[in-house]
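You will see subunit A twice below: alongside subunit B first, and alongside subunit C after that.
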Partner chain A sequence: MIFNTDVALQNAVNGLLIGGTYATVSLGFSLVWGILNIVNLAHGAFVMLGAYETYWLFTLYHVDPLASLPLTAAALFAFAYPIQRYVINLVIRASFLVTFLLTFGLELLITNIALAAWTADIRSVTTVYSGRSLLLGPVVLPLVRVATFAVAVAVAILLHLLLTRTRLGSAIRATASDQEAARLMGIPIAHVYALTFGIAAATAAIAGGLISLSFPIYPAMDAGYTFIGFVVCALGGLGSVPGALLGGVILGLLQTYTAAWLGPNYDNLVAFAVLILILLLRPAGLLGRVQRFRG
Partner chain B sequence: MKRTARFSAAAAVITIAGILVWGAVGVSLGDDLLKIGAPVAATGPTAREGVLTKQGYDLWAETVNTRGGIKAGGKAYKVQIVYYDDQSKPQTSAELTERLISQDRVSFLLGPYGSPATFADEAIAEKHKMPIVITEGAADQLFQQGYKYNFGITSPASDYAAVMLKLAVALKPKPETVAIISADDLFSIEVGNAAKSWADHNGLRVVYFQKYPVGAADLSAALTSIRSQRPDVLISSGHLEDSLLVMKQAQTLDVNVKFYGFTVGPTTPDFVKALGPAAEYVFASSQWSADVTYRDGIFGSAKDYNKLFQLRYGFEPDYHAAQATAGGLALQLAIEKAGTLDPQKVRDALAGLDVMTFYGPIRFNAHGLNLSKPMVTMQIQHGRLVTVWPFDVAPAKPIYPAPAWSARR
Partner chain C sequence: MTPRTLALGALAAAALGVAVAFPAFAGGYYVRLATGIYMFGALASAWNLVGGYTGYPDFGGAAFLGIGAYTTGILMLRAHLPFAAALGAGGALAVLAAVGMGTLLLRLRGHYFAIATLGFMLVLRQVAANLPITGGGSGMNLPIASAFTPFYYWMLGAVVLGALGGALLPRSRAGYAIAAIRENQDAAQVLGIEPLPYKILAYASNALLFGAVGGIYAYWFTFIDPPTVFNIDFSIQAVVMTLLGGPGTALGPVAGAIILKILDTILTNISLFLHNVFFGALVCVLIIFAPRGLAEVLRRRGGIVRAIRTELEDSRV
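What follows is the complex of A and B.
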């Protein structure tokens, strides 16, 4: 165990920065779970696709990874909308297990196509500014990670505004709270569901683009990120943007401090002990409301 | 809606079936066939290394088959390798090994990628008394089970650490402190422990010694701790994905050491491609390099093998591919020496094997371990891997100490 204030401070920065990435990964997962009541096991695969799209745009056409984010997001929206509209919508009223299996199949399909198309090579987006960092007294601020965090917060704020301040947001929330009433009000349910799913995939794509800047990417990277989405949702609460942000940052800080104080091998052990504790004390997550049971 | 569910289930089944059988070396009908099984990862955390392993096996099989096959007892056998994807999971690898033996009726086994999978598979091979040539498993534990049918052609795990530290202490200014970080898997832990023990016995002070989970997403906390200890040497024992992460985060967190040493990663082509200039000055232990001076009657010299591989796949082989090919070659030489496909006799021939190959000398001790081949240390210089240790075979001099990150722009 190594303890001094400089290290503790640096780890606060490390935890916060990785927490921002976790939050971006989880936003869409939380949205789909909270509103569509689908645990989307293909969410990590969307993150992976976003990472690869950023990688290819950068490698083939020299598009800056941060500049290509809107394009990547739009592409994944276009990819995911029909999946929800014409595939998942068909079984959305079936039992939870059916959608669970369907998204699992999607995940297998997407990652194996990615594996066939792009091979198992481990890649990385390395820009001229990738390795740069700012020295702030004893603390190192990796530039890319700071930019990633800023984008993460911006995406969270935009999504929150979209959900709370727009007609589309009202429609999405109305559909979530009472599907029948929403239908009677003339809200096109299937369309709204597909839009929600598409928006979730777009945020996943942004997460993937951001991840490709700091971490190695490969087709099988998806499972780890689906898992993070799961944990962050359980920590922060479902379907809530502030919940995903809070959950992401808590998970990031917990893992970082555990790794620093007990050793990197224990970070998940402690993170999950805390997760179980929260599930026992606040089953709906820190910021979640207890959900109405939907049969 | 039922139809959709059924469709997705069918799609999943087809995908799984597709990835299970991911290719076999084509053999024309009518030849006498020798079926050899190999459960090698095509997916999962060690997929990249698995693909290199398969390419090494394939190159051996193709070379043997164009030369007329393996000769035994007056017959020539064309080699057919049956592959399954073990998904980088030891449990799956063991199940597939069982299947290769009992359903596909293979005659011999070539090992999977990685010590954990090898550990699982060799137990199955032992149960069926089937020889397995281990090509990508170097953990010492693999050879401490009292098994009689496992033969590993690589130098043992402890050599990975020693070969880099021996070089490090031969450099000026002589390093005094070392930080050791290893992935929490059988092989990487053994390397980490061996590094610590070597350092302790040779006057290097170990200032950081930790494990991290396999496939960790973030190692910034560990690197922050290492940074505060200011070690001269960093020994990182993990696999490619981990090595990339350690190096990327060392750069962004401004962790400056004089000697960056990695066990697995830098020798695979992806490392330089993924890191660009940040890969410069990195040292790596390697089982083999094209600079070594060994040769054999089938593949020629190490340089000839290098050329052949490049011709076939379009890039230079690293040691993963070379030792896979060498494993096939060892099996071939043992079968030809035994003059039969009888597993017991081939096992005995393997046990008594004493041959020189392009990969190095192969001679197994009583535990099935090849102690006769030395390892080398390589360094990335100007984007290329060059052998820098041992000094007598090395075409290049090591560059040391590595400049600080702030001085590299």
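What follows is the complex of A and C.
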């Protein structure tokens, strides 16, 4: 095969753009894992709910998918806050298997109710600008993917500022580094945990809204996105916003290049290979601190 | 042997006697229901070896179930092997895969191991959906068996094997090593226990049972495709049944399978929606109020309510 620069360049752009969406999927997953020490198996279900909300707002009320993102995010925040505050907080200090299984039970509940309400039909959001592209020399830039990437970067920057520049961010980081000390400083731990979980769900909802613009929507779509969230976290490091961005883009690039080489049907295989390699070679992730492994 | 273990042994032998004679007097529906209960009893017992005794939260058991199912199917359909030989090959391949994957994955702990096993299953599902030999996404049809009672005995054999494994493991040298690794791996290493081979042993035994059940399941249902056998439901039901009955005990997982499967059958008869939502709700309630299993709650002094209250006090924020 002759090496074609244009194709390679196009693949790089495609991978970078899809990596932005992966990063948005992973931001919340990383936050909950890093701060609350919970691997949230319901994270993909939040993405799915965000995608459906975007879909219904668009289909029933003709709200533009990008314009409805703040509304979708607010709704998922309101949905997730009480789940953490009144359910997961009950077992947060138990062993990892307990919180892991609890979030799995929540995932089963959410996806099965979604299945009963909306059926297993595959849906999609098609706007008037869905087919349009920008041309940049030999590279085609689909308008939707560019917008998606811009939103992804904006969300990452906002989250980073929230965590590093605000009082709430300080409280969240203090709780993560030493729960007891944070409690003694007067930080309401249960409330901070619930806020963190709610923020994570809000970013997942935004990811869902972005995904609805380019990918099919159905109730069982969640598992694949939870897995992506995990792989990106392992790549980039836990609780790190720049790490999630970097991890998302690397995974996007790897999947795009291997899809050009192996065909598009092996994306899970690529993600898994990346996961195993990174866990064996650099378990803290590319930008992460060395973590405590809880057995 | 204490009188208690003797009595328990006698009880188990009597139950086995009834189970062997069961198809002679029960109707076809009940034989089929019992076959399903044994199938999940075997899966739960298998998970118990890894999750209960070794403390490794394996969520990818369905990977081995799929390997067993597809190997059995391919060998029967394309090589015209008899069922028993194909099943043996399926079990053997599952063990090989477990030794290979275990060597890599069992170095990881906790969350990492759990998700990596889940990922392994997703990968196999994708590979099976894309290979020509498996029939790809449209699945494969196995030859149809002449009688269905043999499947009852095959599954009974699997669950007995699982329970025996659960009973014998903690009494063996390997069992002591595994318990030491579960409680404190670093301390175990200082005592001269090399953790990896023991963990692989438990993981491979679990894979053998999942693979065998997969092979029997494939011939029993005669049709398999990637989403039905590489299905996380098998892994999760095994986990929940074990937690319900009591992890790290020989008969707990089987008891969990009996309770859950009967409850599930009743609910499915009422409404399919209820059946789907029930399992998720059960997982949540069980995990919050009795994370160490129902047996543990019943065993505690001071009554169920107090046991649950202490549990909640310990783990809430």
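One rule holds for everything that comes next: the second predicted complex is superposed on the first by the 277 of 295 C-alpha atoms of A that agree within 3 Å, B and C clash if a C-alpha of one lies under 4 Å from a C-alpha of the other, contacts with A are read in each partner's own complex, and residues count from 1 in each chain.
Everything below uses one rule, namely that a residue touches a chain if its C-beta (ideal position, glycine included) is under 8 Å from a C-beta of that chain, and two chains touch if they have at least 3 such contacts.
The model shown is predicted, which means the values in this text are computed figures rather than measured ones.
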item	value
Subunit A as common anchor, with subunit B and subunit C clashing or fitting	clash
Touched partner set for A:F230, first subunit B, second subunit C, both or neither	second
Which superposed partner A:D121 touches (first subunit B, second subunit C, both, neither)	first
Partner chain in contact with A:P216 - subunit B first, subunit C second, else both or neither	first
Which superposed partner A:Q255 touches (first subunit B, second subunit C, both, neither)	first
Partner chain(s) touched by A:L280 [first = subunit B, second = subunit C, both, neither]	second
Which superposed partner A:L109 touches (first subunit B, second subunit C, both, neither)	both
Which of subunit B and subunit C A:S170 touches, first, second, both or neither	neither
Contacts of A:F272 with subunit B and subunit C, given as first, second, both or neither	second
Subunit B region in steric overlap with subunit C, selected from 41-49, 77-85, 95-103 or 383-391	95-103
Common ground on subunit A, meaning residues reached by subunit C in one complex and by subunit B in the other	87, 90-91, 93-94, 98, 101-102, 104-106, 108-109, 112, 115, 224, 265, 267-268
Residues of subunit A that touch subunit B when the two form their complex	2, 4, 6-7, 10-11, 14-15, 17-18, 87, 90-91, 93-94, 98, 101-102, 104-106, 108-109, 111-112, 115, 119-124, 126, 130-133, 135, 140, 142-145, 214-216, 218-220, 224, 228, 252, 255-260, 263-265, 267-268
Residues of subunit B touching subunit A in the complex	1, 4-5, 8-9, 11-12, 15-16, 18-19, 42-45, 47-48, 50-51, 181, 184, 208, 210-213, 215-222, 224-225, 227-229, 240-241, 244-245, 248, 251-254, 270, 273-276, 278, 405, 409
Touching residues (chain side subunit C, partner subunit A) in the complex	51, 55, 57, 104-105, 107-112, 114-116, 118-120, 122-123, 125-127, 129-130, 185, 232, 236, 239-240, 243, 273, 276-277, 279-284, 287-288, 291, 312, 314-317
Contact set on subunit A toward subunit C in their complex	33, 39, 87, 89-98, 100-102, 104-110, 112-113, 115-116, 179, 189-190, 193, 223-224, 227, 230-231, 234, 265-269, 271-272, 275-276, 279-280, 283, 293-295
